[in-house]
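Several structures are given next for inspection.
In what comes next, chain A is part of two complexes: it sits with chain B in the first one and with chain C in the second one.
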Partner chain A sequence: MKSQPVVKTSYKYGFHKPEASFFKTPMGLNRQVVEAISHFKNEPEWMLQFRLQALMMFEQKMLPTWGADLSGIDFDAMYYYISPSEKKFTDWGDVPADIKDTYDKIGIPQAEQKYLAGVGAQYDSEVVYHNLKKKWEDLGVIFVDTDTALTKYPDLFRQYFGTVIPVSDNKLAALNSAVWSGGSFIYIPKGVHVDIPLQAYFRINAANMGQFERTLIIADEGSYVHYVEGCTAPIYTTDSLHAAVVEIIVKKGARVRYTTIQNWSNNVYNLVTKRMLVEEEGFGEWIDGNLGAKVTMKYPSVILNGKGAKGEVLSLAFAGKGQHQDAGGKAIHLAPYTTSTITSKSVSVGGGRSSYRGMVKIINGAKGSKSFVRCDALLLDELSRSDTYPTNIVNEEDVTLGHEASVSKIGEEQLFYLMSRGLSEAAATGLIVNGFIEPIVKELPLEYAVELNRLINLSMEGSVG
Partner chain B sequence: MKNQLVITDLHVQTLDGIKILNGISLTVKEGEIHAIMGPNGGGKSTFAQALMGHPGYVITEGKIMLNNIDITRLTPDLRAKHGLFLGFQYPVEIAGVNFGSFLRQAMNENIEKGGKKVSPIAFRNLLTPAAKQLGFSDEITKRFLNQGFSGGEKKKAEILQLELLKPSFAVLDEPDSGLDVDALRYIGKSINGLDHKTGLILITHYQRILHYIKPQFVHIVVKGKIVKSGDESLAKTIEEKGYEGFSS
Partner chain C sequence: MKSIVVKKNEEKVITVLWIGKETELSYDIKLAGIGSSIKFLGLIIGKGMQTLTLNVKVTHAAPQTTSKIIIKSVLTESAKVDIEGLVKIDPGAKGTNAWLAAHLLLLSERAKGRAVPSLEILENDIKAGHATTVGRINDMEVFYLMSRGLSRKTAKNLIVEGFLREMIEQFPKNLSQTAERELRL
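And now, the complex of A and B:
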């Protein structure tokens, strides 16, 4: 295969806005900043009003105090918009050695390494991408970045944007609504099955790796799509806050699976609001893996809004030194015969802390609904910590509700057994950890599963023995 | 000495100081089979676990030399790399760990640096006949390590690992307990058919397995000591008269 040039100077296809001129809002957030963002992007009036209303909500609302410690976030010391073309790239020399080392060990090509570390421009996969894009377009699939969607598909956009997660939902969602930029917009027409996962990966560029991404997916009746975002390799960024919003609408009989693997560097607060609205006989699935970041608060939700709707949340958290992964899932049953499953697996090591936080709500009238929650925690040492905060609100008698939770430590007998076969303590621990998370990893696309596996073995080498 | 497992005056106690082995000495040469018999609670299993380096036991006196290398203080993985194997009496279940990939990883761990790793195809070619001889189907490699295995399958899976890992010495801790006649025959056949000259220490309660595997030496362990050693006829004596005549 002939190698492609790594850095392209212009985009023939896709999402980048080559004409964008330099623009950066001043530090901090106020009405002028929001107006400037909207103006720069040439947005319609309604979007400006939407942003301003969200800003008001952001200013009124308090940060959540029931979860992880967020006191380290300084909203006044951030830039809320930098135009993509002028996004400052990090100097390769400034990228921490341990991150470079990880790239090498999990076998990421040099060109891609630079991209992941925020050095230089895009990782080139446009040739592959172009062919797929053509195929999707022929089916009527829309897959563009969210800014483009607002311009190109204004009616469709306005019909659904902000309907699943209103600006008033929470402080971070309000912040995102006020200053959002980038993210993906996807529309799958009725009855269309997209057989290859749509990957944000194909169009990754600095613009879309934004701090305040906004993703909106609409799966029309009887359609199917699997969307994959993120990456197992660590993403180095100097931004300290990632506050994204993901809204998904699953129409009657449709199915959407949304897979995320995030591995932000350890300076990032990763506070993301993700919610799916699932209509009659629809099926919505979240697969959410959180490896990096300093603090993660993320509880992907399914709102089961039609008879027979199904929702599933698979949450995987890996908390290492200095990390707090506060993750879980929510299922809201609003209609009869709806079913939900929440499965959470967490691994804590080196003093890391992971919390499962979840909610199941079944309203009066959601007859015959079923929900099952299972959360398992694995602690690798005495320093690490795991907590479980489940909430069940059930206002209907005719329901089936199950909850199982376990906390375990690496068993001495398991270690001895594996070591007696010649595996080092680190290799044996890695095997046990990988076995523990296998039920979730097997649902990931293969390349993610393989990388995750290597990554876990790598982190065991550092923490054991 | 090369090609020998030499255990000298081994004293072992638990972490809370309970003495279990009180000076066991035993030399096993390449290709030899030594049966260790004795009543319950005599220290047979502790002997096996201590040889492999179980962290719950402390060797207070004595020495274990494996192919001229002192392994007395080594961690279990290093003992394995020097050629020792333990067939567990109760193999532990490990969820989510694929039996086949674990076994291939273990084989590759034991290949010296720079040696050729076992490819998935080469692994399959080695595994299939060995598994078949034990009455397993290839399915075994797709299952999780010991998870959901029947008692017999667990014991047979230990022997399968022994066959593929080709250690120079192996301790088999009651490979016969809980087995039906068919499983016992499979195990006997596989051990007799090993294509490498593994020296075996076979720990057993019953003479039954010795119909299939013929030891050159039989040792009786009572209260943490070898109280009598002999040839195969010693096992017959025990079958007839029990352990009562033996004491430390």
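And now, the complex of A and C:
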């Protein structure tokens, strides 16, 4: 390995393990690489054809010309598939020592025991550990890695795979479709409420790695699930790519909450397509926290496809030095009496740039629909930047749509007050920032909320004063 | 495209009334001098098959500059409007205050609106905000007025007038008269 870790004390997940891959495709992307992945996974013919068609789309499509600067991505200098282990495990004791040690450091096995209904752990291209507590298995809940789902539940898989985000959606979704590996597959049967979260943890270990997990969640009528994902990576001097696709189907009266705390190291391009299709009276929620990565482009979407469907996006972006968080959300109202709320909070510090990019579209016929978008941005210094790009399209008379945004710095009076009570400037600033993002943080599971506050205080150390 | 440069301590007011003549209007406003300010009032009354693309770009290139962009639009029949606003605050434009608002009232099943009010901010010692609303006439308000003896048509006209009154009052006389004439339809 030529890559040397760059010293950055505040990122505690920057360590890396020697790469001991079991199977790895050569650098770069072509038909042979895609065939090799499919062959190695022993996939059915239709999946190989799906991948090859997606590869063609990827080659034809252009990178988006709007949004963040993606010119630094060298698609030819990337590894598209690295399998760290021959097998998948359901007991942490069996997981290879290096990999297990990584997850121990991040704290996954401990959290599993305490707060979670099930855990999946992906290391580079493959899910190495997956387990669901027996109670939920007995109720018919399926929680496996996506590759296993293709073999074990072929009919269910094929019925929904690629239906919410088609291959042709965008260049990165096409890339994911061509080389996808890992991710979670979840099915919640009718009326089942999984009342403690399911969690997946994504780790990139190898340098110049592309991680392309593919997640598919189906919440059947009247069911409920909360899925939490976390992501970290080592710090390398070369860039890695994370291009996931997440498809979620929320059936009649069901509710899905999807929480992401993205804390990639600052050499990862994080370009993710996430979309929920919400049927009648269903409720889809995205809680999307973007703290890490060099560049993020991610706009979780809710497609409100049935009468009375509800969608909510809570987006939190924190852009420090050298980072561009281009995040936001989309709500597409396709049916009457649908409601959506998008709340975005962003903080830019130390030359970071955060952009809110969002869309609300209400088609003709979606009568009685309501949408409200609120974005607030905090700019902590003169070097940083904040943008807001909201698109509102209304083709129906009987709607209520509101959008509000504000950009500000930390109020002098607030700072003065706190400092007069004996706080240092840094502590006072940290307190104000934590107060600013509180509406989103309070929606997170407790251990994440604590971690988030800690991360933000660390990221701001030395940035003021 | 109209280019407007506002100089040191200058206060400019721009009033625009659109009643269907042009299909595209573009304004590029630069607050070039310290203490300069701009107030842009846009009133858009669309009917029939009329369409409009309105671009308003404001650049704050100097400190202590103020911008207030307010666009109100009333659309009937199959009218369609596309509003693109962009407020840019350059580094160093300290003490800047920016406000960008677009309000659309749709009076027909077939009317269409698109509003993209964007902000690009590269300076932290500022205040900036924007707002968009899209909606129709509130049924409760119509019901209230009708219960006081007004016809439905008069009630609706009164509400539309109330929505635009504040802006029309700030218009020069010839424009406000034209606007009122158009609204009587």
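General observations
Just so we're on the same page, the second predicted complex is superposed on the first by the 378 of 465 C-alpha atoms of A that agree within 3 Å, B and C clash if a C-alpha of one lies under 4 Å from a C-alpha of the other, contacts with A are read in each partner's own complex, and residues count from 1 in each chain.
Going forward, a contact is a pair of C-beta atoms (placed from the backbone, for glycine too) under 8 Å apart; a residue touches a chain by one contact, two chains touch by 3 or more.
Predicted, not measured: the structure shown is a model, and the values here were computed from it.
Steric overlap between chain B and chain C is absent once the structures are superposed on chain A; the two fit side by side. Once chain A of one complex is fitted onto chain A of the other, the partner contacts of A:V394 are limited to chain C, with no touch recorded for chain B.
When the shared chain is aligned, no partner comes close enough to touch A:A254: not chain B, not chain C.
Taking chain A as the reference, the larger set of touched residues comes from C, when chain B and chain C are compared. Within the superposed three-chain model, A:A174 lies out of touch with both chain B and chain C [touch as defined at top]. By the touch criterion defined above, A:I437 reaches chain B but does not reach chain C. In the superposed pair of complexes, A:I218 makes contact with neither chain B nor chain C. By the touch criterion stated above, A:E425 is placed in contact with chain B alone, chain C being left untouched.
Residue contacts after overlaying the shared chain place A:E413 against chain B, while chain C stays out of touching range.
Think of it this way: put the two complexes on top of each other by chain A, and the tightest Cα contact between chain B and chain C is 15 Å. Common to the chain B and chain C interfaces on chain A is no residue. On the side of chain C, the complex with chain A involves touching residues 91, 104, 106-136.
Partner chain C is touched in their complex by these residues of chain A: 364, 377, 379-382, 384-409. By the touch rule above, chain A contacts chain B in their complex via residues 411-414, 416-425, 427-428, 431-432, 434-439. Of all residues in chain B, those touching chain A in their complex are 52-56, 75-77, 79-81, 85-86, 88, 91-92, 94-97, 102, 105-106, 109-110, 144-145, 161, 165.
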